[in-house]
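To start, the structure itself, in structure tokens.
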Amino acid sequence: MFIKRWTGRLILLMAVVACMSSLAHAQATADEAMFVVNNTWMMVATFLVFIMHLGFACLESGLVQAKNTVNILFKNIMIVAIGLLTYAIIGFNLMYPGEFNGWLGLGGDKVLTTAADAAGTLIGYADGNYTYWTDFLFQGMFAATGATIVSGAVAGRIKLPSFLVFTVVFVGFVYPWVGSWKWGGGWLDQMGFYDFAGSTLVHSVGGWGALAGALLLGPRLGKYYGNEVRALPGSNMPLATIGVFLLWMGWFGFNGGSVLSADPGPVSFTLVTTCLAAAAGIVASYMTSQIVQKKPDLSMALNGALAGLVGITAGADSVSVMSAVIIGLVAGVLVVLAVITIDSKLKIDDPVGAISVHLVCGMWGTLAVGIFSADHSVVTQLIGIAAYGVVTFISALVIFSVIKAVMGLRVSADEEQKGLDIGEHGMEAYSGFQILTTD
Amino acid sequence: MFIKRWTGRLILLMAVVACMSSLAHAQATADEAMFVVNNTWMMVATFLVFIMHLGFACLESGLVQAKNTVNILFKNIMIVAIGLLTYAIIGFNLMYPGEFNGWLGLGGDKVLTTAADAAGTLIGYADGNYTYWTDFLFQGMFAATGATIVSGAVAGRIKLPSFLVFTVVFVGFVYPWVGSWKWGGGWLDQMGFYDFAGSTLVHSVGGWGALAGALLLGPRLGKYYGNEVRALPGSNMPLATIGVFLLWMGWFGFNGGSVLSADPGPVSFTLVTTCLAAAAGIVASYMTSQIVQKKPDLSMALNGALAGLVGITAGADSVSVMSAVIIGLVAGVLVVLAVITIDSKLKIDDPVGAISVHLVCGMWGTLAVGIFSADHSVVTQLIGIAAYGVVTFISALVIFSVIKAVMGLRVSADEEQKGLDIGEHGMEAYSGFQILTTD
Amino acid sequence: MFIKRWTGRLILLMAVVACMSSLAHAQATADEAMFVVNNTWMMVATFLVFIMHLGFACLESGLVQAKNTVNILFKNIMIVAIGLLTYAIIGFNLMYPGEFNGWLGLGGDKVLTTAADAAGTLIGYADGNYTYWTDFLFQGMFAATGATIVSGAVAGRIKLPSFLVFTVVFVGFVYPWVGSWKWGGGWLDQMGFYDFAGSTLVHSVGGWGALAGALLLGPRLGKYYGNEVRALPGSNMPLATIGVFLLWMGWFGFNGGSVLSADPGPVSFTLVTTCLAAAAGIVASYMTSQIVQKKPDLSMALNGALAGLVGITAGADSVSVMSAVIIGLVAGVLVVLAVITIDSKLKIDDPVGAISVHLVCGMWGTLAVGIFSADHSVVTQLIGIAAYGVVTFISALVIFSVIKAVMGLRVSADEEQKGLDIGEHGMEAYSGFQILTTD
Amino acid sequence: MKLVVALIQPHKLPDVKQALFDADIHKMTVSNAVGAGEQKGYEEAYRGVIHTINLLKKVKIEIAVNDDFVEPTVEAIIKGARTGNIGDGKVFVLDLPDSIRIRTGERGSAAIG
Amino acid sequence: MKLVVALIQPHKLPDVKQALFDADIHKMTVSNAVGAGEQKGYEEAYRGVIHTINLLKKVKIEIAVNDDFVEPTVEAIIKGARTGNIGDGKVFVLDLPDSIRIRTGERGSAAIG
Amino acid sequence: MKLVVALIQPHKLPDVKQALFDADIHKMTVSNAVGAGEQKGYEEAYRGVIHTINLLKKVKIEIAVNDDFVEPTVEAIIKGARTGNIGDGKVFVLDLPDSIRIRTGERGSAAIG
């Protein structure tokens, strides 16, 4: 800190000397100031996206059974680690390649070997909006979310190592590869497909992975008993609620940061559409749950908030406030119906409702951009949705199948009954607490 | 404030010399940079106020019985949604009217129908301090807190729909209406009444609502057994503690953001008074609890932190650091005595101590401004306190009474005994956990 | 707020008359903007460091037994309060003295008595990087962390008042005194010893205190049964996980803020090294735990994240990204081996692994600067590590011994068996929950 | 000696305790259980799946008494627990051939009280 | 009358309940316990310390029945709980001299059902 | 056969288990309960309200044994649980007419061990 102040003084001295054309200097300083504030905002946005990982950890561990809590927590902490490392080693370059044919590319500086004082830290890197390092970290935090979405849907039955291998491949290759089509300036981008902050690129992509996993694994034991559908209630609702609030908090950075500068107008507008869509999602899911289930289900209201957030993500900057509210309302209704349909009709066991929230509402949100924004076409949006759907779903199926063949995917029935916490980790989440599952 | 005025003058210079040279550009960029950083700060403050809602959710669900946890969580998530939506539809305009007689007004742009690129996003909207959107969102997050305060005091016995209706009316009308008297530039503002960030406008207002609700509902079953007062201990202390830390965190934005710009001097000073008052509140409540209860009660120390924060809120920018510590100490003592008096003497059942924290300490804080700040008069402060007390309390009583008459206020005794989670939501907060309340 | 805008305009009008040299002012405005953004960043960093206290509270209460949860939470909330107050009264001046002989000094403005608009709020205070108030609050939040580290290691058996007295002395004198040697510009600083954000000054210092406490107290009852080592499993793993994520979050401010300005290059680079070291720590501790314990222990992965963070703290700004990853990997391996050695071989009972995480990895991180950064020497680093080790450990031993002699250190066996929550606080953390510890 | 085992509604525990104290029965062991009886369960709905909870929360009270204390004990329990509604619960009386106080090693009736 | 006490594997509870309902036994009390028997425990490792959990989670079912119902009850329990593996559990049959329905005060066999 | 039911101080469980193992009694069922006895409760204060907790945490151990094993079992429990202080607890011995091993269907003494 001492040293720092010293250099500080030096800089000032130089400044004084350099101050002949104070115009030029003023100019430079002003742009510099703008660079610093933009970068500061992007760092704050990065922190907010980071906290989403805690949000997912809380939501998922709150909605699984007590006996599988340690396992889901372990997955969530590993995902952040694996996500950041693989993104540093390969993902970042794959997603934002230097030279790029629009389909698949790899270029640009390597994160691990770039020097601290490289050009990336200068004002020129991104028109004074942020540095190379901020860019990487913000994108890296995004990347890992895809895999987290999957973890919720496969909870309670997947083998830990198998899931971790999936994460490496999914975050390391699939996510950045398909992401590059749009955010890397690839073919979908050139086609005019629009996805502001990732209703499709992040959430649907994760959702497709979740669907593939849930299908290949099959339901948890005791979930479906002949024709009867059993509820396996979440074990810690306060935890799940904390998760949703933190995810909402994170979305301020997820959407607000996707403006890629601190430009007051667009950023603050984005935050407003984001919040009102979430609010609308809650109200709509409450109403729907009240009507369909007679009594309002907290887990549905929580999913409703996320539904609104996922839904607005694609168009947060480009639809009107009123449209944002409508998008949120529709998402809130959709998510409740989706959860019930997937769980009771399609009999796909998705413990946390990841498919309904991220896939269904992700598709809705992407489509909504075409509907509510004059500048974008429904057709192109549909093409994008389809392209991501086909490619991601198939990729995920392939990855899971290979893992299944090589190392197996599902734990033994006995381990599942005892719980993955004891089976995979040899420990309990709530040691000493008396827990009795009566059915 | 000094630095701020300085900037003010500088901004003006632009106008003076602008007509000539490229100076204009230089300065414009500099002003622009200032605008961006101010707005960025206000957005951060908004996020922090948002997280207070999670803070309340945790605190309240930690201090209620396990059987009422889902219900209180549900209320808290609904409040954010309802708060933001009603504030967008009506509250914002009611609180900050364009033309205004000082008592009741409604004007200005409507949030839902304002275009993204309206004048509100330009540097002129608030002298380059923030955009229209930031303004709305920051205020909107504030608004909902009032209702949250109430939810804690009526926990464990109020009907969900009845409470939600109350929330709509309270956040939609009462809060912004009375708020406009001061922050809208109304009669109390013209009179010189001072409430920096809302000891009265937010906390007392919420506290009066809480008192009205608790009185009309009466105590939870088994709380008072003849002359004997029974304790109904909170079910999850770690959760309550998380809540208080998050509330403190939120207060950085609640008070720091109320400077309405990132002006370094005032904002950082406000943060210091805020933190030291909270610290003093903790120490004082610990001491008091130790003396009165023999053993230090965690829930009292937690309330002590909030007491200090509520107490300093009215004068965070205008009292000295030393005064801030004193204000916090007094608040810490007050809150413990208030909790015990209200609970055991007045026999008003307030499960989370909302009345003691927000009403009692809110009044104390508002009064303290008159005592510790030379620029403000005790008399005017008392007038303000009284005005808000009378109007808000009566309004809340009326609203609750009407609801009671129309749809009923309290759940059935049987439902209350089983718990509102099963009664109102048909689900449990800690599914599988064995919970046995022995008395 | 209305008033505010009004005065704003008035000020501008007055400014028209007041203004003079435009060049100087244009210049000033740009510097001013830079001052505001720097200060805003430092305030954000302060909030992040604050949230670390919640992180510690969650981690520690998650890893102790249910019967000692209220006690650890109480300690954590008290530490923040005591930390800030003592730092305001004495610590800040002791750590950053005006005139200073390099060993022990006390000077500079007193926080409690400085006026709101003192020179400290002007751009000149720290070359336009932050105000006096921001400086104090940022440093104050740092200070309290030292004591928090100790609380985890002495959990489950120390008397509450005894611990609080220790905290006052440790945070009020020891931490700032030894801290001044480096950050106050003292002898170690002049010697070239480097510790960017406190691997040694904060974490090792806390770790030495933890070791002293754990040694003097001895293990919890039932921890060592003859030669057999018993596990006393943590009672709430989700809580512990929340703690680690929040600590990681806080580290963005802990390391990022230690740049002491928002300078984009250094700050964003620091964030990247910090995150990648944490990620590497997780992966390494997972692997190690898998190999040593057969099954991956969540608490080890959590400690691994912290190990990486503590390890990188000394050199976050001055080692390469690749080195950061290596530092994290080594820390991740170290922490697992340290936990096992300390617990099973040395038979020192450290319920949360504070010694392994903060002391062992803190020393490693400080040494690593010498190894991986060309500008720093291993020898000087070792001298620093040793100096801090000897002085802090002895100081802590002395303080604890005096307390032990005067007021006693450890609770009665009977109280320990019933749990400190009932013994010290007369309340339970999870009231109503059935908890049965079978061994 | 007999071991009286009662299963009652959780929220009646305070009243039953009171009634027992009044009948000057101060020793008991209490634990929680879930039970199925005449009282039909209620429905919970979690994420759209309705499931009937037919195992309802109950409190179990065990009291070891000398034979002449059985009736007073049973009456006290009934006094405290009865509402007349389905779900009030049951009392089971078991033979208790022997009883030992760990502290003193006393046996039989002496150890009960 | 008899009090049938069964200790079973937690995850077999649904099957046992089903089997009992099929045998038209609808009244029971269920609670949780941990037990040691032939089934050897498993190892947990917490922070490097291996500790053997030899008290395993079990579910306890108590059913008061008239004598002629004992066999059907025991059979139903066995039907639902048996896997043939160690750890399946035990059934204990205790004498039940008396039983009272709190709601009505009925005693004996009448109160059982 | 007999069913030995012991109520002990929670923190004595490890010692009792040890004593039982030494006496080569390896089968038992353990659960938690709260109890009132001679041991007077302690006071808790929550938010200024003092309330006496007179139901104290206890651990319940149930052991089914053959008649000749009753004494060793009781002695082992006493050995492990006794401190000589109020609150040490009680042991109740119940008749156990029958016992079934679910896994094999064995009955009586054979099923106990």
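Note that the chains are named A, B, C, D, E and F in the order they appear, and that numbering of residues resets to 1 at the start of each chain.
What we mean here is this: a residue touches a chain if its C-beta (ideal position, glycine included) is under 8 Å from a C-beta of that chain, and two chains touch if they have at least 3 such contacts.
Here the structure is a predicted model, which is why all the values come from computation and not from measurement.
Under the contact definition stated at the top, the chains bordering both chain A and chain E are C, D.
Contact with chain C and chain E alike is made by A, F.
Chains compared, chain D against chain E: the Cα-based superposition rotates one onto the other by 120 degrees, nearest 5. Judged by contacting C-beta pairs, the busier of the interfaces B-F and B-D is B-F.
Although chain B and chain C share one sequence, what matters here is the overlap of their interface residues, and that overlap falls short of half of the numbers used.
Inter-chain spacing, taken between the CA centroids of chain E and chain F, is 18 Å. In this assembly, the C-alpha centroid of chain A lies 52 Å from the C-alpha centroid of chain D.
Taking the mean of the C-alpha atoms as each chain's centre, chain A and chain C sit 30 Å apart.
Multi-chain contact residues of chain B, defined as those touching 2 or more other chains: 23, 26-27, 29-30, 33-34, 37, 40, 44, 233-234, 236, 242, 293-295, 297, 299, 426-428, 430, 433-439. Contact with two or more other chains is made by residues 30-32, 34, 44-46, 55, 94-95 of chain D. A complete list of chain pairs in contact reads A-B, A-C, A-D, A-E, B-C, B-D, B-F, C-E, C-F, D-E, D-F, E-F. Listing the residues of chain C that touch chain B in their complex gives 1-6, 8-9, 11-12, 14-16, 18-19, 22, 25-26, 28-30, 32-37, 39-40, 43-44, 46-47, 50-51, 53-54, 57-58, 61-62, 69-70, 73-74, 76-78, 80-82, 84-85, 88, 111-117, 121-123, 130-134, 136-137, 140, 160, 236, 239, 242, 424-434. Of all the residues in chain C, the ones that touch chain F in their complex are 222, 225, 417, 422, 426-428, 434-439.
Note for the complex: chain E touches chain F at residues 2, 6-8, 31-38, 55, 58, 60, 74, 77-78, 81-95. Of all the residues in chain E, the ones that touch chain C in their complex are 34, 44-51, 53, 55.
Remark: chain D residues 10-11, 13-14, 17, 30-32, 42-46, 59 touch chain B in the complex.
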